Amino acid sequence: MEIKSLTEQKSLLATLSPGKRARLRRLLFEFGPGNGTLMLLPIDQGIEHGPRDFFPNPASKDPEYQFRLAAEAGYSAIACQIGLATKYYPDYAGQVPLILKVNGKTDIPPSDEALSTTNASVEDAVRLGADAVGYTLYVGSPRQGEDLHQLRQVREDCDRYGMPLIIWSYPRGRDIERKGGQSSFYAIDYAARLAMEMGADVVKLNFPKLDPEKAKDSPAPYNELEVGSEEAVRQIVESAGRSLVVLSGGSKTDDETVLSHTRTIMEAGGSGVIFGRNVWQREWGEALEIIEQIKETLLSSVRRIP
Amino acid sequence: MEIKSLTEQKSLLATLSPGKRARLRRLLFEFGPGNGTLMLLPIDQGIEHGPRDFFPNPASKDPEYQFRLAAEAGYSAIACQIGLATKYYPDYAGQVPLILKVNGKTDIPPSDEALSTTNASVEDAVRLGADAVGYTLYVGSPRQGEDLHQLRQVREDCDRYGMPLIIWSYPRGRDIERKGGQSSFYAIDYAARLAMEMGADVVKLNFPKLDPEKAKDSPAPYNELEVGSEEAVRQIVESAGRSLVVLSGGSKTDDETVLSHTRTIMEAGGSGVIFGRNVWQREWGEALEIIEQIKETLLSSVRRIP
Amino acid sequence: MEIKSLTEQKSLLATLSPGKRARLRRLLFEFGPGNGTLMLLPIDQGIEHGPRDFFPNPASKDPEYQFRLAAEAGYSAIACQIGLATKYYPDYAGQVPLILKVNGKTDIPPSDEALSTTNASVEDAVRLGADAVGYTLYVGSPRQGEDLHQLRQVREDCDRYGMPLIIWSYPRGRDIERKGGQSSFYAIDYAARLAMEMGADVVKLNFPKLDPEKAKDSPAPYNELEVGSEEAVRQIVESAGRSLVVLSGGSKTDDETVLSHTRTIMEAGGSGVIFGRNVWQREWGEALEIIEQIKETLLSSVRRIP
Amino acid sequence: MEIKSLTEQKSLLATLSPGKRARLRRLLFEFGPGNGTLMLLPIDQGIEHGPRDFFPNPASKDPEYQFRLAAEAGYSAIACQIGLATKYYPDYAGQVPLILKVNGKTDIPPSDEALSTTNASVEDAVRLGADAVGYTLYVGSPRQGEDLHQLRQVREDCDRYGMPLIIWSYPRGRDIERKGGQSSFYAIDYAARLAMEMGADVVKLNFPKLDPEKAKDSPAPYNELEVGSEEAVRQIVESAGRSLVVLSGGSKTDDETVLSHTRTIMEAGGSGVIFGRNVWQREWGEALEIIEQIKETLLSSVRRIP
Amino acid sequence: MEIKSLTEQKSLLATLSPGKRARLRRLLFEFGPGNGTLMLLPIDQGIEHGPRDFFPNPASKDPEYQFRLAAEAGYSAIACQIGLATKYYPDYAGQVPLILKVNGKTDIPPSDEALSTTNASVEDAVRLGADAVGYTLYVGSPRQGEDLHQLRQVREDCDRYGMPLIIWSYPRGRDIERKGGQSSFYAIDYAARLAMEMGADVVKLNFPKLDPEKAKDSPAPYNELEVGSEEAVRQIVESAGRSLVVLSGGSKTDDETVLSHTRTIMEAGGSGVIFGRNVWQREWGEALEIIEQIKETLLSSVRRIP
């Protein structure tokens, strides 16, 4: 048996229960750019980093900004915590799908032993009419045992209610720092596989930052691999198997990088992107422009229709 | 204070919880003819009447027929029982919204003391990714006490999960027969109000069949009213208040009647139609034709956008 | 020990748990005419009788009519079923207290074996911000066993959540008809005591209609008593003990009767009235006028401050 | 899209479920100064600091003092723990709304790793007839994970029972001390946003104490901002979005400061104040005087009616 | 408003639910010295200190000794853990009321981070026919968060079952030692208030041991107060508000001290004493003698009848 290329992989949707399929299909085909792609707008930085992220574009401080952007620019879905879902989503209910993030934390304490506890439930997501649930998993954290156990409940509830599970799979904590760092190929590759193994329908991953010097601390054979970013992303997507992969953007960068990362993830067999600050730290008009370009890039680089 | 005309009534969507709003909005605006209308396809006749309804168009015996019709002809939703939802809906999950009927019965015993017990739950509907739940209430049946009590659980679960509740509100049983019959203005007017009072988001009603002779047995003032069908429908829709009204069709009739009923319900401030046999007892091409005409009639007669 | 007159009775509020006290005090002192009186507006006729009650004043068919009346005319509370509470009360939430009726039925079947099953829960009432729960008890019905058992759950939940319990205590069914009828002194006196014994905080009773001929069928000594209406009401209120009594009005009658009944119940030590059709079957201006007169009568006839 | 000023923001009440709306409306309009303002009286210092806070005004040691003050001086609500709510509130039930604080701790242990565990439930609040629930969240504490998870249950129960949630959002613990301190603009701005994201209907915040030297340790851009107190408060209120903001007072200060802080929070779009020691550490007559001045200041500085 | 003296305070019994009132009244009036006093016999030293406490009077090792003493000498109640309640109380059931202690610990580990976990439930207490429940709270311990959270369940169950709650309120742990010690006025005053705020119906406190040198480490104003024992006790009782206070005795001391402490607590408005070793470390006859003297002292010093 030969390993199938990702573009030949069995459709994820075909393996999902009807509820998960109905909901995920909405994101992939009915809303957003469509054709099996995901263009997601995250607005959880207010809890993860605090209001400091809103200073570059003061309008972005009002959650209306992101909700209106998601609805009007045609996103596949918007991802947020329970407070925004309760107080801002209702005005856009049904106009853009909702991903309810069910855990989160501030970045005030250090992240050596990171753990993001749940502040909402899958039942909250059902009640609010969400089409997916988001969970942040800190891969390799000293507290990963608690994390995986907590995820179990979320995953079981997702199975029970037919709710797609999107895992924000982030290597984190003091131990991964000693093994090449949280942005290494090793770390992100591991994060992709772990999320898939834990039941993710979609995995959200960071773009790897390859640093040959730090990579030497990674376990073999990662310490000796000489792969470029594109190849690394390709392998990472492969590690996620039938789970779909979306790439997250991190802090604001130039348009070129945004679009090239988008192209890279799609050509690697990924399903889309989840860019926050790179989009809503721009003024309305500029935001719409980059969104349009992201959308075009997504659609023109599709390799795998789930 | 003057009574507001229905077209001026407060938007139903504005009063709904976010989950109900997100889900119902899909039916009203994202799928089907849109602009706040409902074109629903019921396929529960196999349990309510048995396979005899499929003989006029043998293709209709395969539930694929109705599911494919609903998806391809652009219905707002398809309504069925748990078995079809489990075995046929998955192929169409996300392509057309699902209404899970949670009760049903055969027509083998007489309906003097009609009661339709639940065979599925709102949680089933959530799990399957349905966007609404359907419940048949037999208004005025000697067993209405059991019925209203059973409906309570369904309604509470709908509230809990943010699931829209559609009540098939049917006058039935020996007592209503003594008071003008189940198709009288009195009976259907009462059914509209009762469904609304019990928490229906959408009420499914039959078109009244006015029979002046039988109407004399209805309580005052119905026994003396001289109203035509259109006026009766207008008043019935008014009795449903903020609950949306869809008209059901009953057994197959001529195109003229189908379209004229559609026009009547819309002009009375209703939200749409739920025609089954009138549609799928036709062959594929003919079915598509009448659907197209229904759709046009719906859209051209909209009086109230919820 | 001498029996205390009702006006000397221990305060009901002093015996209530804090939650019941806080909520009931709102109705008695913070909203409505105040000074310990209750002026309640019922709008459950749409389910109990159907839309026929709305014909005398078509504006009354829109539930907005009653809600706006309750809020603007300064009622102690409005009483309705779950559907109106969900779809119409939110616009008036906090402006007029809500009494959620948790059971109800249509009058299509005969009432020989009346039983009104629950269609909502005390938890629904809590969730909606209601200040009391209403329950219809059919005293003496052949199905009273089911009725009392069903009431048990409602009463226990009221105790658990600190929710005042108002019992619509109505003699009903074929057996009471054989013993003097549902409007006899015997029947209503029994209804008052039963409601109090079952845990009512407030009892809603009909005004007795004394018919010496029918009274002969009542058990001794009722079959031989020669009491006038006022004395009967006085004794009935006494039978309710520390439970407060409100008088219901029934079908529309002349102003004189409305006001004289109001005076009678208050002078008997009762706490107020719950008139529906007598109020909202009038046009807006006329309704406000009779309400003003009821209010004055209530306040000028107070004998007992709970 | 331009950011809307807070005074143009969508009404909070319009987004709330009926139960939350009914209850919160009582505090904002039916009790207290009204017109959408909140004047809250906290009496939880006995647990948070111990009896030492009562020495300046010995009468304040008897909880009757604060309850009578709240009722007679016309407060929007009184906030206390379960013991006072059980033993002192009943005498005032319905006369002044109750906010049940459901967590608390003594200040005997250091607060490096502060966590305030729950000692009461939302169901307790329902049972006692409370109109809101209070929860203290220690933003940025090393134990914030436990805190946010614990808050989840409280928030879910508030959603379930229609109970408004007021978050005492306090930056606390060793890590925030290293980033500018618990009274910095950075810390309080973050606390405002976090509370809103966690589902607060009302956020209670401390007045920031700007210390340019310590602010240098805050993350960018806070380490370089040059904003005065009023501007900082304005931005903080903005960070709370649709959640209403009340300012807490802390230890007793001069009248001038009390009133100027009141003015500042109102002009920034906040909804009111929650001053404890600044009020009840005064003798009865003096307390009434400052309350009167606070009330006038609140009403004359209203910018936003929720 | 003047603060009322404790002897003028509102009756505690009047604020209690019927079940709590019925049970507590047995202790205060039907058993023991009566007239609203509490003479309690604790026999939990076997778990708190081990058998070493029984050596001074070997007969005391047999729990029969304490149970018989409690019953025959006319105690208000006996307090013990689940094992004694199960194996020894049955012979005395109904002859002397039972207080079931639901938590406890050995003194083998140090008490720097004291926490006493529950080993029995309020439901156990109901099952055994107990008339109150006892809970030890370690005020100010680093683990107070767990303690208060654990107490929540006990208190809620007491509310649910109408069971009086007696809190053994003991300052404890390394942090209180740094602030004047567990026997300081500051510590015990705080303990009194905290127990009341957490819902105690009765608070058990230690007699303060005033040490001017250590008191300097207490927070202001305790570090500067010059109060004698009697004044301290008076203020401590005041801090407990409507919760009744009983004084515990600690290790065996001379008769003079026993009786003078008894007099002091009663004259301060307390409700009684709970002396263990001071009583049952004496031989039967001697025990009866001191009990008689305690009883007389209690009755002759009553200042407040609850």
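When the chains are written out, they are named A, B, C, D and E in that same order, and each has its own residue count from 1.
Going forward, a contact is a pair of C-beta atoms (placed from the backbone, for glycine too) under 8 Å apart; a residue touches a chain by one contact, two chains touch by 3 or more.
Quick caveat: nothing in here was measured; it's all calculated off a predicted structure.
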item	value
Chains contacting each of chain B and chain E, listed by label	none
Interchain contact steps from chain C to chain D (minimum; 1 if touching)	1
Cα-superposition angle relating the copies chain E and chain A, to nearest 5°	145
Maximum centroid distance from chain E, chain identifier (CA atoms)	B
Most central chain, Cα average position	D
Which of A-B and D-E has more C-beta pairs touching across its chains	D-E
Distance-maximising chain from chain C - centres being C-alpha averages	A
Whole-Å separation of chain centres (CA-atom averages), chain D against chain E	35
Whole-Å gap between the CA centroids of chain A and chain B	40
Distance from the mean Cα position of chain E to that of chain C, given in whole angstrom	48
For chain C, residues that touch 2 or more chains besides their own	17, 86, 90, 127
Touching pairs - complete list by chain label	A-B, A-D, B-C, C-D, D-E
Complex interface listing, chain D residues touching chain E	44, 46-47, 50-52, 55, 58-59, 61-65, 68-69, 80-84, 86-88, 90-91, 104-106, 108-110, 115-121, 124, 127, 284
Residue numbers on chain B that touch chain C, as the complex places them	1-4, 9-10, 12, 15, 139-142, 144-146, 148-149, 151-152, 155-156, 159, 171, 173, 175-176, 179, 186, 189-190, 192-200, 219-222, 235, 238-239, 241-243
List of chain D residues in touch with chain C within their complex	17-26, 29-30, 85-86, 89-90, 93-95, 98, 123, 126-129, 160-162
